[in-house]
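Every chain is named by a letter (A, B, C and D) in the order it is written, and numbering of its residues begins at 1.
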Amino acid sequence: MTKGIKIVTIGGGSSYTPELIEGFIKRYDELPVRELWLVDVEEGKEKLEIVGNLAKRMVKKSGLPINVHLTLDRREALKDADFVTTQFRVGLLDARAKDERIPLKYGVLGQETNGPGGLFKGLRTIPVILDICRDIEELCPEAWLINFTNPAGMVTEAVLRYSNIKKIVGLCNVPIGMEMGIAKLLDVDHSRIRIDFAGLNHMVYGLDVYVDGVSVKDQVIDLLSDPTNSSFVKNVAGLGWEPEFTKALNALTCPYHMYYYKTREMVEKELINYEKGETRAEVVKQLEKELFELYKDPNLDIKPPQLEQRGGAYYSDAAVRLITSIYTDKGDIQPVNTINNGAIASIPADSAVEVSCIITKDGPKPISVGDLPVPVRGLVQTIKSFERVAAEAAVTGDYDKAILALTINPLVASDKLAKQIVDEMLEAHKDYLPQFFKTVQA
Amino acid sequence: MTKGIKIVTIGGGSSYTPELIEGFIKRYDELPVRELWLVDVEEGKEKLEIVGNLAKRMVKKSGLPINVHLTLDRREALKDADFVTTQFRVGLLDARAKDERIPLKYGVLGQETNGPGGLFKGLRTIPVILDICRDIEELCPEAWLINFTNPAGMVTEAVLRYSNIKKIVGLCNVPIGMEMGIAKLLDVDHSRIRIDFAGLNHMVYGLDVYVDGVSVKDQVIDLLSDPTNSSFVKNVAGLGWEPEFTKALNALTCPYHMYYYKTREMVEKELINYEKGETRAEVVKQLEKELFELYKDPNLDIKPPQLEQRGGAYYSDAAVRLITSIYTDKGDIQPVNTINNGAIASIPADSAVEVSCIITKDGPKPISVGDLPVPVRGLVQTIKSFERVAAEAAVTGDYDKAILALTINPLVASDKLAKQIVDEMLEAHKDYLPQFFKTVQA
Amino acid sequence: MTKGIKIVTIGGGSSYTPELIEGFIKRYDELPVRELWLVDVEEGKEKLEIVGNLAKRMVKKSGLPINVHLTLDRREALKDADFVTTQFRVGLLDARAKDERIPLKYGVLGQETNGPGGLFKGLRTIPVILDICRDIEELCPEAWLINFTNPAGMVTEAVLRYSNIKKIVGLCNVPIGMEMGIAKLLDVDHSRIRIDFAGLNHMVYGLDVYVDGVSVKDQVIDLLSDPTNSSFVKNVAGLGWEPEFTKALNALTCPYHMYYYKTREMVEKELINYEKGETRAEVVKQLEKELFELYKDPNLDIKPPQLEQRGGAYYSDAAVRLITSIYTDKGDIQPVNTINNGAIASIPADSAVEVSCIITKDGPKPISVGDLPVPVRGLVQTIKSFERVAAEAAVTGDYDKAILALTINPLVASDKLAKQIVDEMLEAHKDYLPQFFKTVQA
Amino acid sequence: MTKGIKIVTIGGGSSYTPELIEGFIKRYDELPVRELWLVDVEEGKEKLEIVGNLAKRMVKKSGLPINVHLTLDRREALKDADFVTTQFRVGLLDARAKDERIPLKYGVLGQETNGPGGLFKGLRTIPVILDICRDIEELCPEAWLINFTNPAGMVTEAVLRYSNIKKIVGLCNVPIGMEMGIAKLLDVDHSRIRIDFAGLNHMVYGLDVYVDGVSVKDQVIDLLSDPTNSSFVKNVAGLGWEPEFTKALNALTCPYHMYYYKTREMVEKELINYEKGETRAEVVKQLEKELFELYKDPNLDIKPPQLEQRGGAYYSDAAVRLITSIYTDKGDIQPVNTINNGAIASIPADSAVEVSCIITKDGPKPISVGDLPVPVRGLVQTIKSFERVAAEAAVTGDYDKAILALTINPLVASDKLAKQIVDEMLEAHKDYLPQFFKTVQA
């Protein structure tokens, strides 16, 4: 890395890219990026051009010596990379719409990470990621792979288990969002908050929370148990927790817990959106269309403020923060998806977990959690079972395993429903799931 | 135990007692019972008399020197006991009817062991069992406590965690029923079948199955995946498994798994019974009524064959088999609920599990399982979380913990539903839950 | 196995073989051996002939239809075997003499299993065993490998870790000897004693001891703490334990513990024998010479009683008992070396341990031990570290690892001594350690 | 802590105190100490006066508003303390001399932490520490206890296991010394070195070593394997490691490993000193005498440079650094003794370990190590067994346990020697071991 840093962003045509660019510009003093390669596939060529040109204008405005390259040739880009970030979406938003809508037809939440939607996103994504891993092994074996592509937990598990790449970190904006929510709740600056995170991606808990290093967990639990603190607790679905549940759980939930601890209410809510044709994919599709219209403006040379409404806020910022800490061996604490290595007692040492880590040049080092609190141990283990069966199905194209993955998923919990949903979704996503159709033909 | 064995059966007025008597008579050569004390509470006095007199007639017919005592004085009975069996039902079948019916009002399965019904059965039962444990500690500290009272897993967990009694075994007829089902499926004698059991009570899996010691797991999985083998697989609910699920799971399920892997179908089925007023409690109530009519017949001196239709077949037989193996230090393999001691890797060493054990005079010794197969690890951990939170609620009378227990239970999976169900059930079972109402008053 | 059983004994020319033959004859009803192949190497041809002919005379006398084959062609013998037993000694007794004498020159115990002698016996033996494993994989993949070749723990570890053979059991007569010693001490029949064994080969502890299933541990510990009970406690070296040590340890030691808990006394004792040229190898060499003279007698058709003085009593008997229990799926408890699978908490699940197991047709199933008692946990872990580093050195021929293995061994505990001993022993055993000299040449 | 910090130093009359004072003065900006109480016992009154007056002169010179109090009343001092440091020596240097000399009479290393000397230092120290813990619980329950009193590992284990104090950190200068040694070896500034520490106190390994976050382990192992790098590797005893051992171990050793991996050489070396009457205690005694002469000089108002030759360099500095990081919630990495909480897989979660931790206001949080490398796992477990048996002996005064502790210690490895040494040392330290003599009288 002596001559400056080479970063490769796969899925570079994503609407998030301007935030990433902004991040690199802001942190240039610590993280002197020399080359930034934005890579995309044929299907995303137009978006790549639009976003890439905005990126170039942003860099130009900054006056920094960062070279931005746009390419469809992934292998050319990867050569000697220092960091590879992945933020692509196999099948684009149309696929997401199917992930959400098909399960709802059966009265089941799609849930794009740990539910049926997540299973199918994983089935589409994991083979591509493993392919990228093979390229990294050959072309830039010392590079760190920073993955934001969902389902990030399942993807990290699959890379650890089915590739030779060990330098992977899975990244999510949920923990940072929880910290910001707590900061707002307590009316203190975000920098003063620290949470002990433990669990899995989109199934992470805050086991303790500190202001300036002093635990304020009891106070926070009390506040969260107060139904009038709606701004924080209703963050996903406009639904608050029952105070008795919050008190007895005695840990901070993440927004995605709504799907598992409020399943019926979430189904009802999403079914209403479903009827109206307003699932998340549709909303995002419209937002993205508007964003790309903005990005086309040749006078735009900053990240447009409208991007923050896109959702996924802080994702790219978290990525740049992580890359900076690795590059500078900073030793700060960040919650990421990494190999467990004993941090959580009842999860295998070689599985991926999402925990607070010290970020060093040698990668994230998890802080020991010990055993998870009794009430949360079950659900975390369940989602880990789901992730592992799903990852195995993705790699093998095993139809039975895909059905098993959904049957053991608490959002489905029925072998019959699992089969119906798998059948319909396999058909719907056929073009992106060659591993399953190859198997069937053989 | 030199002068013969003293056995105390708490809940002696149960309709199962004649099977127990028959068991003691049949195994007298190995297990020379000298005294059998049938204990019940005031509420069950009449039943105790009826069953007790039948027991006496059965013993008389056998010509064996077994003394049968009937008493309402538990402490008098426990003095110097060698084995204490517990098979009582706090609140009788009326309570069970509530356990089943109230959750169904909310569209949730009652499930009398690992669901909301099981929570409330546990809340009623655990304080009584712990009270018995205190008596055992004082009056017969060397005795083995053989518990068949459901929820047997939660009860065993509570005794291990909240009493000083270490000599407890929890017993269930589910594993023996699985062996018999497999024997029938393979058309071989039951004695030739052995299953490696692992999991929790009513959440137990067969990890391997042998005929004469040779694994026939692949064959059995194939047979179970064949929808025409209806007699075995439809054993609980008339519903068969999807063959893909069975193959990918690659383990034998127990009947209670229907509730967790076919939740929606089971809810629909039970709601139909609910509408008709035909939940299990109602059916059993009628059966029991008929049985007690039979038992009253002063000419009856055998276990009436009708008892086998009662359900719970083999329960008492399994109990006598277990007691015999402990008494004779037999060293045979039986699946029971006992302290884990590392047998299942991801469950705490001091928790109760249901696993194949060697039965010795020193108690059951679990055979090491190692880690559970990935697909089942999650649900087992989840039910263990449920059992532990529920047991804690039972001991403390903590309302919030009761709500937490139901929220993390996959049959409920909603804090709001959990609260509604807990509220209605607490009120309905008020008379048997003093620990909660004491708390409220304080 | 329908037509009778085929057994292959590698190292068939061993002086122990007559005991094995006697065992097969005595247990023929349960274990109908059809073919017994005694295999040896060119170097042992003469002994094979002598022992083989005695074996044939013994079988003839029995009138049983067992065919005894003598061969130097291991692969011919292995074809379709049901059980393979290994009892060979690479380098014969001359090698053992070196294993014992060279370390003593440096004031260090040779200790033929867990000390420097054991390291070199392992370095010579493991490559041969792994070669046999490759043959088994090809020629009789369903066979069970029953290994008595020392160091049995290290060999079992190596087979589990570096071969594809999973059906291996390591066997030792130490546990059975401990049971017999306790039986004698308590003056009860051996069949009434059961010990809960846990640890490693030649580093096994009795964690509890029962007569007729009732723990008599306190009584036994008291007896063992009584210095007048010399017959049991002085079993290896004529040295008794300090009573305070025995009481505080609160577990039964095995004879080999003398080397680790009485190191200085054992060194002094062996140095005296060393000076006199009377280390164990010399003694055994003389005994064997006498035994083979006896075996040559064409009128001898029984196991000569003198064999019992050879040491290693019950070894072959234990082997036949084990084979019988596997063949008949007996389900009795026997202490053997097998894969840990979680039985001992702080030892890896995939390592070999010596624990009480249920013996089934599917192999030994360890009974869960949980965590070892605090005082013994360290030494067991240390010997496991030694076994693993030693096994790795044996497979790789890595000189540095051989030195590391001895340095971490508590009998050596010096890197300088380790190097001196390794250097001299490598040279002395050069002919049997090609893996080390190939490396050096390269 | 709003009004400034109150620090209590038990054993305030120690010769190390000036370094502590210097540390507080240097870090005042970060760590505004308001009150510093130096506490000692009657026996140490004179030293306390001398050191205390020097401390006051140092503070005066600094011009900082730190109040230094000298007292023999520990309870008065502890009231509302924020940090309590313990650096006392029960029985003073005369006791150390016995710890060293008596074992050497038997040809055994005294080793003042993990050997016989450490056992007896633990037996004298642990009851006093537990007494201090009871005072802390009552008088300053929120205080952190920072213990440097050896044997620091055993003491931390005892506090975690036998007191109600959870806020304890055990501190040692060995890890910092290793970092400095490596820095020197690589000729880089100490601040650029980071080591992944794991193990126990005085039995700690460096599992990886980084310069500016980049692993240089291979280079360091090579350098350490080079016998010409004598300045680092001969740090304890003038003895270097065999290069083969260092390479195969593939981890950094600490100086105390010489006792376990070079036992014979160390015994020989210490026996020579023993004969000359020059064991460490004698040397230190002379050094201390000289230091106190210096301290008496009323014109001295700085830490005299001669203190650095005392040994124990960086101890007090490490303490001030630790206290500062706790107070300021710094989040830097420091190696300390704390509760394992799963950081090292094969050590119980509730035991003390010495590992790299993140230091926060909520205390040290260990970074997950996973399982220790195979070659070091055994010795670490052995010393943990020793520490636990020793701590139990210290608390109970159980004579048999004291003998057991020494028998399982690899430096003794003989029950007979253990008994002889325990007997002579109990008598020699009689005045400081009331728990043993009370037992004998009863």
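Heads up, the rule we're going with is that a residue touches a chain if its C-beta (ideal position, glycine included) is under 8 Å from a C-beta of that chain, and two chains touch if they have at least 3 such contacts.
Note that this is a predicted model, so its numbers are computed, not measured.
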Centroid-based (C-alpha) most distant chain relative to subunit C: A
Interface residue identity across copies subunit A, subunit B - same or different by half: same
Euclidean distance of C-alpha centroids - subunit A vs subunit B, Å: 43
Intercentroid distance (Cα basis), subunit D paired with subunit B, Å: 54
Two or more partner chains touched - positions in subunit A: 371
Partner subunit B, residues of subunit C touching it in the complex: 194, 208, 210, 212-215, 328-329, 331-333, 340-345, 349, 358, 360-362, 365-371
For the subunit C and subunit D complex, residues of the former touching the latter: 107, 241-242, 244-245, 247-249, 260-265, 346, 348, 371, 374-386, 388-389, 398-401, 403-404, 407-408, 410, 413-419
